[in-house]
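The two complexes that follow have chain A in common; it is paired with chain B in the first and with chain C in the second.
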Partner chain A sequence: MARKEYSFYPGCSSERRASASNYMVSVESMCKKLDIKLNEIPDWNCCGASIGYAQGGELPRHVMNARNLAISEQVNKGQDVVATCAACWLGAKETKDRLAHDSGLLAEANEALREAGMNLTYKGEQEVRHMVEVLIEDLGYDELKKPVVRPLEGMKIAGYVGCQTNRPFGIAGESFENPKYLDHLVEIVGAEPVTGYDQKVTCCGGALAFSEPEKSQAQIKKIVESAYDYGAEMIVTPCPVCQMNVEIYQGQINKRYGTKFNMPVTYYSQLMTVAYGGSAKEAGLNGQIVRASRLEEIAAKNR
Partner chain B sequence: MGDQNTSMVQKYRNDFLKEVEANVEEGAWVKMCMQCGVCAGSCPLGPAWEHPPQEIFMMIRAGRREEVLKSESMWMCTSCYNCIVRCPRELPITHIMHGLANYAHRLGLAPKMNPTRRFAKIFWDNIAKSGRVNELELSVRLYFMDGFKAGVLKGLAMKDIGIGMMKTGRLNPFGLFAHKGCKDIKGIHKMLKKAYEIEDRKKGFVA
Partner chain C sequence: MADVVATNETIVVVGGGISGMTAAVEAAETGKDVILLERSPSLGGRVNQLYRYFPKLCHPTCGMEINLRRLRGNPRIRVLTLAEVQKIEGKAGDYKVSVTVHPRYVNENCTACGACAGPVTTEIPNPFNYNLNKMKAVYLPSAMAYPQRYCIDPSLIGTPEAEKAKAACPHDAIDLGMQAQKLTLTAGAVVWATGWRPYDAGKIQPYGYDRFANVITSVEFERLADPRGPTKGRILRPSDGKEAKDIAFIQCAGSRDRNHLKHCSRICCMASLKQTNYVREKYGDDGKSTIYYIDIRAIDRFEDFYQKVRADGTVRFIKSKVANITEDRESGDVVLHGVDTEGYHRYDARHDLCVLAVGMQPGADIRAVADVKVDASGFIEVASATDGIFGAGCATNALDVNRAVQSATASTLRAIQVVNRMAKVEGQ
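After this line comes the complex of A and B, so read on.
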């Protein structure tokens, strides 16, 4: 039996050939090394993301999340729900919160839920947690350090926490303005965190990267520029939207502002996979548009 | 849609605050705002808001219904939740902004051409169709929302990013045909239909 077991909500971007498929690859490798078993919620659906509000309204949005949680309660009994995506975590947790405090809304959600298959009723039995929360709280930094066989020595990494893994819920014991957990994770894998990184919780624009690209790219520029200013050679993040926005628009930002950005943006799970002895492929590094060359070199070394 | 608006105007007369409290998500919090402006100063897109949140709250209390509901302001929200965690009165500002935008959209008053409104609709329709995001279809619909020529131009501007995503296995080039989605999509459609029915009934929307 695995050391820890969770009901897993991977989310749309984690699917094969989707924008965070590299995240998923590295999470699987990382969990294997840590002996964590993830039981996928069968037939899970989209959380509605934040941007779903305009057309989705209130109840339809909560019902989408309630369906996932109800399936989880039925199939993965007694397990906490774990999401890797910040938006999935936020969406599901917000629904759990709202339905716990509003019995009318809960009754309405269940009325709608009965229309779906599987004979579902949402009870609110399971906790909804983010993967980093689980790593830090259930295993702890000491346990996370044990499997490190290939420390990322000499690398200076900016921990970009962003918004939705940080606000409004965040990780227990961390501040909204200067959360430190990502810096601790960077330390654990043997790299040097950029402690003064002042754009650590700046918004990348989220979904508005699609609809308001200029405004969003002005945000992203600050985030990447600050990482350079502090001497970072890589940015690491826990959020698929942050990862995508901060990585893929660097070319357009260079054109717009005349900058020369070429900063790799990776997930914590990719750093951990490499540090735990995994290959570049196991860490999903072939999924980077801005190649994480230093990390690839370390991954190619014998452990 | 115009009818919905007329019936709400008749129902609430000049009491826009009451209308917001009844029909807008978390609208009951609006009257708690003490006009400190921390939300405006905390918003990453603050300068892009014609009326920052605290101003919107005061405009609601002043009954400036049309101005609020037709505003582009709420559509600037990136859902970063900075305003929520910093508000000294703990108003769920992000949710109220989402709620106002949704309400304006439902009444047909939201600015038609606002890109975030249009993208948000495309996004929800995308997920409601199969239960899961189809990223290729989402991008294609977004680029082509202003017609074929504009779509081709936008597609060309995004070409390098798209090719990069495909090469690294992060975008399915066959996504328009090979997207699977949820197995119980029929059930999900029925569930959503019911949810809309309940919400419309509760908020007094005519079906």
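After this line comes the complex of A and C, so read on.
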């Protein structure tokens, strides 16, 4: 039996061929090394993400998440629900919070599940947690350090936290303006964190990257520029949207501002997979738009 | 110290700041026996750490001196410093107050000549200057310290540094073997005057007190302005020691905010208005003060003071709750971001230094030692005053010095009434 077992759903961005499918690959490799078993919630659905807030309405948004959680309660009894995607985590956690404090909304959500022909009732038995929380709280930094066989020596990495794992819930004990958990994770894998990184909680623009490219690219420019200013050669993030926005718009920003950005943006799980001895493929490094060459070099070394 | 005599007609006053000193003096001057307990090595409290008082802008040393003279001249007052209350048990007229007296390692022979500190090199943060600078680990707490007696920091005990200090003392005043003492005092009534402490500014995360050197608190600014302070009275900013001439004051920093202190701390508006005077005093027309405020609460008869500051051309008022502060990395300047609600203008305002007018919270939690009711902010509820324990000064509310002293006198009267009642019962 695995050391830890969790109920899990990857969310749309980590599905096969989606933008963060390489996140999923690296999470699987990382969990294997850490002896963590993730039990996928069967037939999971969309968390509502940004659309749920914009047009979806409150009840549909919560029903979507309640459905995932209700299936989890039935199938993966006694396990916490873990999301790797920051938006999934935030959405599901908000639903759990709302339904716990609003019995009317809870009744309506359960009625909707019944009407949909599901033999399901959401009870609110399971905790909703982000993968990072699980790593830090259930295993702890010391345990996370043990499997490191290939420290990422000499690399300087900026921990870009973004908003969703940070507000309004945040990781327990972290400051909203200066959360340090990514810095700790960077340290654990043997690289040097950028402790003064002053854009670590700046908004990446989220879905506005599509509708307001100018404004969101101004945000992204600050995020990347500050990482360069502090001498970082890579940005690491816990969120698929942050990763996507900060990575793929660098080309457009270069055109717009005449900059020469070429900064790889990776997930914490990719760093950990490489440091734990995984290959570039196991770390999903083939899914990068801006190649993480240094990380690939380290991954190619013998352990 | 072994001979502390206390009876059920004794009044124990906890806290040796302005409120506690007032309570002790007032009670003793009506003929009551008083034991005044202070947790730190010296009386004086936070008032002693101010540069000037509002509204008259006189120096606190003046008021302190008068109080100290009254106190020293009164044989009915027994002062115990480094004394921490552990438990208060009993009822009106019959309390047992358990106290731990921590070792000072310096006895009554001390003349405050300072010879002991000479050879010592170990330094520790200086709490009198809110840790803005360091001091030797053998020290006099402040120029106005009472008792005027040196202290040895416990971290030195067992090191050669402590031996050096002992060897340097010409008066045989250093006793490195001094131990903590436990006392149980009898008291008829207790006046609880443990004062306040500034709200932890690091918790107001958007303001970056924990990240930006040039974001400081209002109490720290007092120390910068004070000639006895770490910068000898020059307003030098912490990042680079440059003179700060353009200073932002942020009101309600941690007060009137459901994420922090819910209450209005009442003194902070006047404190910032007062501090604009320091800027004017140092720089004349070259200084610039900007006050960011929700509304100015110059309570009571202080309106006049506010109007005078309003009329000062170097002081600007911006009606806005500052959203956040960033730091200009090159210059170390602070940049305040927000919206001016008068006209709804967004601003990104650059200043040399930002002073957070931090709120007041109770200095100690009385519930740890006695069964006394406190309000939602932790201040002692006056109405709840159980038979013989009375809150005084800032332990009961956010008060300025004037009101704290009034509160202390009022509480002392109640304590005297309890003790008088006891005396009558015994006389029958």
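What we mean here is this: the second predicted complex is superposed on the first by the 300 of 303 C-alpha atoms of A that agree within 3 Å, B and C clash if a C-alpha of one lies under 4 Å from a C-alpha of the other, contacts with A are read in each partner's own complex, and residues count from 1 in each chain.
By definition in this document, a contact is a pair of C-beta atoms (placed from the backbone, for glycine too) under 8 Å apart; a residue touches a chain by one contact, two chains touch by 3 or more.
None of the values given here were measured: they were computed from a predicted structure.
A.B. asks: Where does A:Asp198 make contact in the superposed view: on chain B (first), on chain C (second), on both, or on neither?
C.D. replies: In the superposition, A:Asp198 touches chain C alone.
A.B. asks: Between chain B and chain C, pick out the one touching the greater number of residues of chain A.
C.D. replies: Result: the larger residue contact count on chain A belongs to B.
A.B. asks: Tell me the contact category for A:Leu139 with respect to chain B and chain C: first, second, both or neither.
C.D. replies: A:Leu139 contacts neither chain B nor chain C.
A.B. asks: Check the residue A:Val75 against both partner chains and state whether it touches chain B (first), chain C (second), both, or neither.
C.D. replies: In the superposition, A:Val75 touches no partner, neither chain B nor chain C.
A.B. asks: Figure out whether A:Asn178 sits in contact with chain B (first) or chain C (second), or with both, or with neither.
C.D. replies: In the superposition, A:Asn178 touches chain C alone.
A.B. asks: Quick check on the output: what are the common chain A residues between the chain B footprint and the chain C footprint?
C.D. replies: On chain A, the overlap between the chain B and chain C contacts is residues 176.
A.B. asks: So in the complex, the part of chain A that touches chain B is made up of which residues?
C.D. replies: Touching chain B from chain A are residues 12-13, 15-22, 43-46, 48-60, 63-64, 67, 108-109, 111-118, 163-164, 167-168, 176, 202-203, 205-208, 210-212, 215-216, 219, 248-249, 251-252, 286-289.
A.B. asks: Show which residues of chain A lie in contact with chain C when the two form their complex.
C.D. replies: Those in contact with chain C are residues 175-178, 198, 229.
A.B. asks: Write out the stretch or stretches of chain B touching chain A in their complex.
C.D. replies: By the definition above, chain B touches chain A via 25, 44-45, 48, 76, 78-82, 84-86, 94, 98-99, 101-102, 105-106, 110, 115-121, 123-125, 127-128, 131-133, 135, 139, 142, 160-161, 164-165, 168-172, 175, 182-184, 186-188, 190-196, 198-199, 202.
A.B. asks: Where on chain C does chain A make contact in their complex?
C.D. replies: Contact set of chain C toward chain A: 205-206, 208, 210-211, 324, 326-327, 329.
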